Each structure stands twice: as C-alpha cells, then as structure tokens.
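As structure tokens, here come the structures.
Both complexes below contain subunit A, partnered by subunit B and then by subunit C.
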Partner chain A sequence: MGRFLAVRAVESLITLLISAAVIFLGVRALPGDPARAMAGEEATPEQLAAIRADLGLDQPLLVQFLAFLRNTVTFDLGTSTRTGQEITQMLAAAIPVTLQLSVYAIIVAIIIGITFGMYAERRRGKPDELLANAGVLLGLSVPNFWLGLLGILILAVMLGIVPASGYVPFFESPVRSIYHLTLPALVLGTGLAAVIARQTRASLIETMGTDYVRTARATGIAPRRVLFRYGLRNSLIVLVTIVGLQLGGLISGAVVTERIFALPGLGRMTLDAVFSRDYPVIQAVVLVVTFSYVLINFLVDVLYSVVNPRIRTGGARA
Partner chain B sequence: MLRRRTVVTAGTAALLAAGCVPRQELEAPPDRPNVVGTGEPTSGVREGGDLVMALSSEPDRLDPTTSSSLYTRYVMQPMCEKLYDIDSDGEIVPMLATELPTIEEGGLTLTFPLRTDAVFSDGEPFNAAAVAAMLTRHLTHEASSRKSELGPVDTVEAVDEHTVKVTFSAPFSPFTAALADRAGMILSPKAVEEMGDDVGNHPVGVGAFRFVGRVPQTSIELERDPLYYDADNVHLDRIIYRIMTDANIRAANVQSGDVHVADSISPQDIEVLEAARGVTTLQVGSLGYQALTINLRDTDPDGNPTDPPLIATDPRVRQALSIALDREALTNTVFNGWYTPAGSPIAPGTPFSTPESDHLPAYDPDAARTLLAEAGAPIPYPLQVKVSNSQDALRYAQAMQAQLSQAGFALALLPTEYTAILDAQDRGDFEAVQLGWSGRVDPHGNAYNFWTTDASNNYSGYSSPEMDDLLARGAEQTSIDDRAATYGEAVTLMQEVNAVIYLYRQRSLTALSSDVTGVATFADGVVRLSHAAFLDEKET
Partner chain C sequence: MTTTATVTEPRTAVRRRSGVLTRLVSTPAGLAGTVLVVLVLVAAAVGPLLAPYSFAETNFSYPYQQLFTQGFWLGTDDLGRDVLSRLLYGLRASLLVGLLAVGLAVAVGTPLGLLAGYWRPADMVISRFVDVTLAFPFLILAVGLAAISGASLSNAAIALGIGFIPNVLRVVRGETMRLKQESFVKAAVATDAPLWRILGRHILPNTLSAIIVQATVILPAAIIGESMLSFLGLGIQPPNPSLGIMLSDAQQYIYRAPSVAVLTGLTIIIMCFAFNLFGDALRDALDPNSSKGH
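Then we have the complex of A and B:
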C-alpha cells in the first residue's frame, strides 16, 4: 500500500509541474497582456510601459517562470494585476462558493440520477422507460447556459419561487444559502444527473442478471431488498468513479453557471481573469484546479484500492 | 506570439446578404427623447433601505489617479464627488467647486473657489490644500492615467483655504471637463498619506455614501455618510453594487426584483423591460461612438516596410466605403431604432455640436462603385475587418458586410476578443478595425488623440499638418462658439480623408424598478444614486 501511494504521489507531482509550465506559457500566448487589458481604451505607450515594468512583464520569460515557480512553492500567489488584491484572499473567498455549489449539484445529481436510473431499470421494456430515457437524453444534451436562462425566466421571473442571483455564505445563514444556490445547483447538476442515471440503469441491468441476485431472489428475499442490498450496492463502484471524474467536470461547468447566476466562485474568477489577462490570477486558479483534479484522482485511486484490494497490486506493478 | 484567425462562416454572410438588403423604404425610427432621471424625490419616499444595482463590468482599482476603468466612475459617484459634474444637458456644473473657473492671462491661469462645508468621510476637512495635493498626485504618480487629461499644467496651488489656482504653459480648455470626470475626484489627503497606493482598496472621499467593503468580482458596498454636507437629502441606508456582466441576466434580475437598478441594458431586451410591470427605463444618448478605423501605415506591426493596400493609399476607396454605408438604415435595423447613426466624434445636442459635426455622409452605392472604378480598385474590393466579439458589434458588422456587398466591397469579418483587439490596434495589426470610444464631455477627448500625428490613440497612422493645427487650436481657444466652429472644420476634413469612418452612437439604457426614485443618468452614462430613495409603499 505504501509503495502504491508513493508512486501515485510522484506521478501527481509531475502532472502538477507540467501543467504549471503549460499554463504559464499558455496565458502568455494570448494576444494582449495585463498592461493592455488594464489600461483599457485610453492607454498611452508610456502608461503601458510603466505598467509592464511594474508587473515585471519586461523581464525575460525564463526569469518570470522561475519567479512564478519559486512563489508557488512558497505558497506566495501574489496579487491580482487588475484589482491589486491578494490572490490567496480571493481564492479563500471563491473556493467555498464553488465547493458548495459543486457538492450541492452532486447531491442533486445523485438523487435525480439514481431515481431515474432505477426507475428506468424497473420499467424496462415498458413505455415509460422510453420517457425516462428521453428525459436522460434531454438532460445530457441541454447546455448549461440555456438551461440557466430558462430557469431564471420560469422559476425566478415568472413564478418568483427562487432568486435569480446572489450568494449568501453557508455559515451566515444555511437556509438562505441553500435557497440561493438551489437553481444554480439544479442547472449545474442536470448533466451529471443524466450521466448517473444512464450508468445506474446499465449497471443495475448487469447486476440484476448475475447469479447471486438470482440466488438471492430464489431464497425469497423481498424484491425491494434485493434491488437495494444486492443490486444498487454492487453498482456503486461504477458510480464512485463517475462522480469522482465528474467532480472535475463540475468545476469547469461552474464557469458558465457562476457567470449566469453572478456567483463569486472560482469559475467566474477564472473567466474574468482571462478577459483582463490577469496572469497571476489565471495561473493561481489553474494550479488550484489542477491540484484538486490530481488530488481527487489520487483519492479515487486510494478509495478503489480500499474497495477492491486487487487494484493495489496492479497499481504497484505500474 | 500566436495570432488568432477566426473566420466568419460563409453561411452567415450569405444568410445576411439575402435577408438584410435594405432596398425597401424603412420606417423612420420612433422619436426617442432622453429620459435622464426619475426626478428628485420630494414627498412620499421611505427613509432607509438597501438599494442593489447590477453593474455590467467590474471597476478596477477605486483610485481616481490610477483607475482606467470607466465603471470606477459609477461606484465613485456616490462616495467621492468631483470638482465639477455634468447636468442633464451635458453642460458642466459645479459640484465640490462652487463656480466655473475664472480664466485669466489668455487661458494660462485658472482659478476656482471650493465649497466650505464639505468634509471627507474620515472627518478630514475638504479644502484647497486637499485639491492641490490630489491634482499634483494625478500629475506626478508614475502609474497615473490622468496626466494627459490635465494638459500642460505648470503649477497647482492653494491661494487660500478654499481657492485653487492652476497655471499652464499653454492654454488648455478641456481642463474643466477633465475635472468633471475622474481627474476631479478628490481623496482625503490623510487617507492617501496613510495608505499610499492601497487607498484604492479603501477610498475616502466627500460623498453621500462612504466605502464599506469590496468582494472581488462580486460586490462593492457603501453606506450612508452622516458627515455629508447634504445629508438631509440622502435617503438610502446602503448601496450594494453587484457585478453582472451578462446583459440578459441583468435584465432578468431587474424583472425578478433581485436588483433595483441595472446599467447598459441591450436594445434587444429594452422593449421587453419597458412592457414589464414594475420596471421603468432611463435612456440617454452617449458621448461616445462606434467607428471603423482604417490602417494607413506603410509598415507592418514589426516596423518593416510593406506594400500597403489600395485602401490605405487612395482616399477615394475610403470615401467609397463611407458613402456605401446607409448609416441610418443599418442602425435602425440592427438596433430597432434605439441607437443613432454617427458621422463624427462630436455627439449631437451637446454644446459643441454644429451642422458640420452633425452631418452624415449621404448614402450613394452607385457613386461608391464609380469611385472604386476611378481608383482602379478590383470589384469586389476585399477588406478584412477586425470586430469586437460582443453581440451588438457583431450584429452590426454582419449587416454592414451585407450592405457593403451592394457597393462592391467584400468584407471578411474577424471577431476578436476585446483585449486582443486593443492589442491589434496598438500594434497596427489590422486592415480595418471596428471599435468604439466611450466618449468624453469635451470634444478634445474624442478627437485629438485619434487624429493628430503620432498621438497615443492614432491607430490609423493618419498625419496632416492641417488636422494637427485644427485640433490644437480647438484645445487652446477659450470661447465655446469658437471651439465648436474649429471642431466643425475638423469634422469636414475627417469626412474627406476617412481614416476613421464613424458609424453609430449608442444610448445608455438603464432599467430600474418602479418603486425607486431619485436616480439619474446623463450623457457620461454614469448612473447617479446619491439621492435615490424607495417610494413609500403606502402612497404608491
């Protein structure tokens, strides 16, 4: 187990280093730089030069990259070139929002997804399975931005049952916080719910056809108990993978959702930073997101090896 | 550096060419007078309450010296008053100063008196020393964005406790107008001294409200300032600015009641909002413009000599382009008559507008073809236009593309993101670029830097002694009538050389919930909330 963990840790570290280099070069390949974005429409060449010198953008790339690496290792993420605020503070404010939104969206997705999936499996071959499948297909195909706008229009403007925007920190008022995030979580969770529903259905169909389920049935265990105890439980390993993989996807989905609902999360922070060429902020956000991807994958691997010990030896050989 | 090449699909072009040819007579747009405010709240207003305004773009540093975002002005208006302001007619009026400046020595000396009852929100007195310190900071701070706005200032001094005197090395009439913008915002000298550049994270000015806090990318909060000189006419407890960059979302939030005021509503949404219950709209013509800038340079972005295209060397091709545009039809069709066509950098109805500056080049596609033939240009004449990828700009560009094809131009549109387009402009990496200018109160700010030789915003590379002379004269003359006449002459010359081809002028459209009063917006687009209030429910 120890060796397995060590190998995975080293792999993760290499991934992080490569992505740091890629993102560092990537943002600099964009046309226009922070000085250009900051100075806006009324810039004079002297002003641009002054801002570039102030931000150290007139230094050679290698010098800038080494400074970036050194600062990253010492957890000094610097300040935003646009607003002059500490990036650590900005992240500390943005991460809880995205995290809360993602967790909420996952809960919504799991509830909707498993319900739909089980329903589709139970009604296999009947007309309403078609309905459930069509619902899943719709959930997969509808883009977030459209669903968000539609949600605002129907639920907030016409019916007025949820707010159209705004964020209340969870610890300030849990109830209002959840109330404000309901619509965004629904919008963000829909795609994931569809994926979970399909997987649940497919894997339930497989599990329910196995010998041990047949045996369980034959011994006279109640069908509901067979479904939950033997069927669903054994389908869960697939779901853990899916949710783990999709958590990363949720963070990118949050870019759109957070923009639509004016939520102050990581996604919004990234988008604004890209538009204003705020190099330090883009770098910091991408590093944090990469880090969380790597961490989640690492944890999923560990979780696997706990759930299924055979994976441990496989990992160690690699 | 990577160069982005986005190619517009031929399909879109074909679709528009088929659908948008304005051959039939168009209905004249409805007359849309400016609605600049809800009126001052008199009786029936509720004291207190928190007003939420959706702001379309996030301000940068809240420091009048270094800020380069126009949206900084929105947030500063209630908490950091300026020496001068503009009124509903676009005229300059005193704010923290009490009178317009006295001009002496042929424009070399300016003196203005200040309010005696104003106090900064940290309790420090507002006086001539504070004003002198702030203007000096604008002139000397190395990251100042204000330096060029203030002109050739020699000295700034406090003559007495409440009188400021400014001397110039050459007359500079646009100075007063600059003081009606960010250059006229005065911060508490004590706050500047204690916080240095950090004062932008906690600005301290004279205003109806004072700064409370800012959550990056999210919100800025202000609260009522009890020290304000006119505190009796302030009604709200707090103002919260929430950043919402998407126009549709701002409109939806006003409708759902989650925000009370929203700026920069799209012409696409305004009619729905006007019809909606509980929403009123304010609208005012902008001082800025949208235009097509043609690259006249004979060097590439790296400074190497190139063979410039015909449009750069032959003014007849540019003239053809200008008269091949039916500005009125285009603007009315694309923006449902909400925006107005433009032929010059000077907004109509402002103190500097003249028949010359209001003149629109007449639409004549046949004459355009003849001009192209005379210039020996191939027909269709290919032209690559970089255009901002905002919805409004793209829709206009596509309609323009369809219309110009009638007169023998083949436009290739390159939608480009805002910062990338600014960068392309700076480097001269374009054949033609369609972009706007937000506009300034004084015409100098809308013309000089774009048209004089080697000026900072002269992206076309145009240069002529005649234009340099006219625009320099416009800045030095002191009478408004003389200046207006000079700018009129300059516009006539601009329409001959067409280095910048003016297209249309936007309107600032603001939506607000109908239970809010005391909100105003003038030609600078800034939404003024200092005296806003909620209507008393019992009386409505």
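Then we have the complex of A and C:
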C-alpha cells in the first residue's frame, strides 16, 4: 500500500507540473502584448522594454516558468485587471460558495443515486425494470441547468417554496444557508445521481451473485440486511472512485448552476473574468480547478487504498 | 496458417455485427432507441427544409405567440421568431458540435489507446496525458480557448472533444490489453508483422464495436455540454442558432413565455435520451453476455 501511494504521489506531482506548464503556455498564447497593454499605445520602445524587464518577460521561457511556479506555490496570483482586487482575496470569497454547493450536491446525488440504483436492482426481471432503467437514462439526458430554470419557475416563483437565488454564508446562518442552496444542489446533483444509480445497480447485480452473499442468504439473514450489509457495502467502495472521476463534470456543472442561481462562487468569477478579458483571474481560476482536481483524486486514491486493502500498484487504475 | 487467422478474424467480427441489428431492434428499449435516433438524425438532416421560417427571421408584430398559433405551431420568442424553425436549426447545430466532439475524441483516443494498451512504456506516458486531460474539465478548457481565440462553435467542439478523449482512450486501451493475449494477435507477432499492422489490421477492427458503443454514450453528454457552453456564451455565438442559446434567451422572458424554455429543454432531452437508449441497447446487442440474464 505504501508503494502504491508513493507511485500515485509521484504521478500526481508530474500531472501538476504538466498542468502548470499547459496553463503557462496557454497564457503565453493569449492575444495581445501585456507590456503594451500596461504602457498604453503611445509608449516608446524603451518604456516597453522597461516594463518587459519589470515583468520578467525578457527572461528565457524556462526562467519565466520557474517564476510562475514560485508565484503559484506561494499563492502570489496577482491582481484582477478589472477590479484591481487581489486575486487571492477573490478566491477566498468564492471558493467556500462553490465548495459548499459541490459538497451538498454530492451528498444529494449519493442519496438519490443509491436509492434509485437499489430500486432498479430489486426490479430486475420484473416488468417495471424497463421503467427503472429508462429513469436512469433520462437522468443522464437532462441538462441540469434546464432543471434549474424550471425549478426556479415552478418551485420558487409559482409555489414560493424555495428562494430563487441568493447566498447566505454557512457560518452566518447554517439553516438559511442550506435552505438557499437546496435547489441549486438538487440541480447540480442530478447528473451525478444518474451515474451513481447506474453504477450502484451494476455493482449490486455483481455482488448479489457472489458466493458469500449466497452463503449469507443461506444462513437465514433477512434479505434487507443482506442487501445493506453485504451488497451495498461493496458498492460503496466503487462510489468513492466515481465521485473522484466525476469531479470534472461537477465543476463544469457548478459554473452553470452558479450562473442560474446568481451564486457568488468560482463559476461566476470565471465567467465575469472571461467576458471582461481579465486574464490574471482566468489563469488563477484554471490553476485552482486543475490543482484541486489532481489533489482530490490523489486523496480519493489514498482513501480507496485505506478502504480496500486489495489495491496494489498494478491494475488498480483502469 | 497465420494468414487464415488474420483474414478470418475481422470477417467474423463483421458477421457478428450484422446479426447485431436484429438483436438491437428485438427489445422494446432497443427498438424505441433506434427509432428515436433515426428521427433525430432525419430532423437534423432535413430540418432546414422542414422549417417554415429562417432561424433569424423576426416578426416584431407577433412576439410571444402561444403554442398552436396558426402559422407558428410552437409559438414565437421575444423577437417574434418561429420557435419550431429555431428548434430545427438549433438541433442541427447542437448535433453537429456533438458529432465533431465525438469525432475528435475517437480520432485522438483510438490510436493513443491502441498504443497504451499494446506497449507498456507508451502506457506510462499516455497515462500522464490522460491525467492532465482529466484535470481540465471541458468548461475550463472552453474558458481557456474562449480567452485565447474567442468563443465559437469550433472551440466548443474542441473543448468537448478533448474532454472526452480519456473515455475513448480507456476503452480502447482495455480492449487492446485483452486482445493482445488472443492467439491471432500472437500469431501475427510471430510472423514479425510491423507494429502498425498488428494494431491497425488485427487489433483495431476488433475494438470497433466497443468504440461505437462508447461514441453513442459520449454523444449525448457532448450535446448537453454544447448547450451548456452556448448557454453561458462560451459556444456558438448568436445570431447562429443553438439549443443552448435558445435556453439562455428564453431565461430572460421565462415568466412571459415559459413554453420556449420548456420546448427547448425537451428537445435536448429527447435527443440525448434517444442516443442514451440506443447506446445502452447497442451495448447489450453487441455483447450478449453482458448484464441481462447472466
């Protein structure tokens, strides 16, 4: 297990380095000359050269890249060209919103997904199996932001059950915070719930056919208990990996969910930055997203190897 | 000896596939999926011929028309544009982006998957590539591409296509690793066949069904992805039609004319449901040993 984790740690580091290089080169590919943008159109060549030297743009690419890495590691991400605000501060305000939304959505997705997956498994061979399967496929076919639009229209405007938008920080008022985020979390969680339901069904079918489950059944343990203690327990291990892998989709979904519900998270920060060509902010957001993806997936692997001692270096990742 | 093995194997694969169609339409879900997919493809292909109006034709005297209005069967939007016509054009654009994205993912993912599955040293490098790709969610890629060269249909397709490379790559890699152990591949290796021929002539034809299934699974996800990007302004740009743009517009006047948002969403759902249903049934039809009954 130690070896497995060491290999994964090295692999994750390599991934982080390559990702940083991709972002660094991507920023270089942006249109426009940053020195000219800062100096204005009437700048003399000497002024431009001075600004370039100041920004380190006259250095070799590798030196620039190392400086870029140093700034990233020390959270020196610069300032927004639109608002002049420190990007670190902007992130500190935005990340908790997205994090809370995502965690809430994952919890919602797991609850709905497992319930539905178990239901679909129990219906196997019965006429309404088709219905259960179609339900899962339907869940995969619905654009979540459309659900958001309809949710606002029906639940918030017509029925007035939940608020249409707004964000209350969790530590200010946990109850109101969760209340405000319920509809967004449901919306963001549907896609993931469908994936989890599908996986739960598949892995339940597999485990419920194994010898040890048959033995458990033969000893007279109640069917419900067999399902939970023996069947579901094994499915949960797979779940950890799925949530890790679906993280990318979840992040993309969070951006559009935040847009619909006017939540002041990373998504809104990203979109504001794109449409105002606020390049330092775009760079920072991309860095944060890719790095957290790699780190969370590394943590998932750590968790996975703790939960499942069978994991070894070979064949563990497919 | 080896030549017979190399020639017959792809043929059996082809013969197996011809029986697949019968098996595909023999289940209710498979039949429904196939019919829906054909309908969607036909609507996309001849949509502009069926559309009563152009997607951009405005009728300022008839904004927010109700459903089933004479002349505008699905109503009109805020600018009096015919919703039915816009849906037909939008469906076409969304499907185009989806197909381009799937094409890119298959074109890049297949050769890399073959190499990674066949040759261990390549696997090490390609796995890192996959990890890096996964670390950039398609929306973040689209944000980056939009920043570099502006939002557009092709940038949306590229972002989505790159995002789905790992899905194709994994499947092909897994199939290749399995096929590598088969005797007909070993026979080809024994005759000292060059790498490209082993991969291209012996392994690739046998991974095709897995690739096709994967493509039908990716396509609906790509279509939803496209609508998401266009909704956010990171994909197709108005006045060009796209289901995502229609939803984004419809959001502005959702209280006045909710039918536009509802219809646009239903169009996306029907499209994606069709391909999901079809893909699911196709997988079962191609692999009779999978899930059902076993």
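Here, the second predicted complex is superposed on the first by the 256 of 318 C-alpha atoms of A that agree within 3 Å, B and C clash if a C-alpha of one lies under 4 Å from a C-alpha of the other, contacts with A are read in each partner's own complex, and residues count from 1 in each chain.
Keep in mind that, in the parts below, a residue touches a chain if its C-beta (ideal position, glycine included) is under 8 Å from a C-beta of that chain, and two chains touch if they have at least 3 such contacts.
None of these values were measured; they are calculated from a predicted model.
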- Classify the contacts of A:Thr215 with the two partner chains as first (subunit B alone), second (subunit C alone), both, or neither. neither
- Query: After lining up the shared chain so the two structures overlap, which partner does A:Arg259 touch, if you call subunit B first and subunit C second: first, second, both or neither?
  - Reply: both
- Query: Which of the two partners, first being subunit B and second being subunit C, lies in contact with A:Val294: first, second, both, or neither?
  - Reply: second
- Message: Touch test for A:Leu30: subunit B only (first), subunit C only (second), both, or neither?
- Response: both
- Query: In the superposed arrangement, does A:Ala93 touch subunit B (first), subunit C (second), both or neither?
  - Reply: first
- Item | First, second, both or neither for A:Arg277, with subunit B first and subunit C second | both
- Task: Determine, under the contact definition given at the top, whether A:Leu150 touches first (subunit B), second (subunit C), both, or neither.
- Result: second
- If you stack the two complexes on chain A, which partner ends up touching A:Ser141: first (subunit B), second (subunit C), both, or neither? second
- Query: Taking the superposition as given, does A:Gly160 touch the first partner, subunit B, the second, subunit C, both, or neither?
  - Reply: first
- Residues of subunit A contacting subunit B in one complex and subunit C in the other: 29-31, 149, 152-153, 157, 259-260, 275, 277
- Item | Interface residues, subunit B side, partner subunit A - complex | 1-4, 54, 58, 60-61, 68-70, 142-143, 145, 148, 197-198, 200-201, 215-219, 242-246, 248-249, 252-253, 255-259, 417-420, 422-424, 426, 435, 437-438, 456-457
- Item | subunit B-touching residues of subunit A, taken from the complex the two chains share | 29-33, 36-45, 47-48, 50-51, 54, 80, 82-85, 90, 93-94, 149, 152-153, 156-157, 160, 163-167, 259-262, 264, 268-269, 272, 275-277
- Item | subunit A contact footprint on subunit C (complex, rising order) | 28-29, 127-128, 131-132, 134-140, 143-144, 146-149, 163, 170, 174, 220-221, 224-225, 227-228, 231-234, 247, 250-251, 254-255, 258, 261-262, 264-265, 268-269, 271-273, 276-277, 280, 291
- Query: What part of subunit A is in contact with subunit C in the complex they form?
  - Reply: 11-12, 14-15, 18-19, 22, 26, 29-31, 130, 133-134, 137-138, 140-143, 145-146, 149-150, 152-153, 157, 202, 205, 245, 248-249, 251-253, 255-256, 259-260, 270-271, 274-275, 277, 279, 282, 285-286, 289-291, 293-294, 297, 317-318
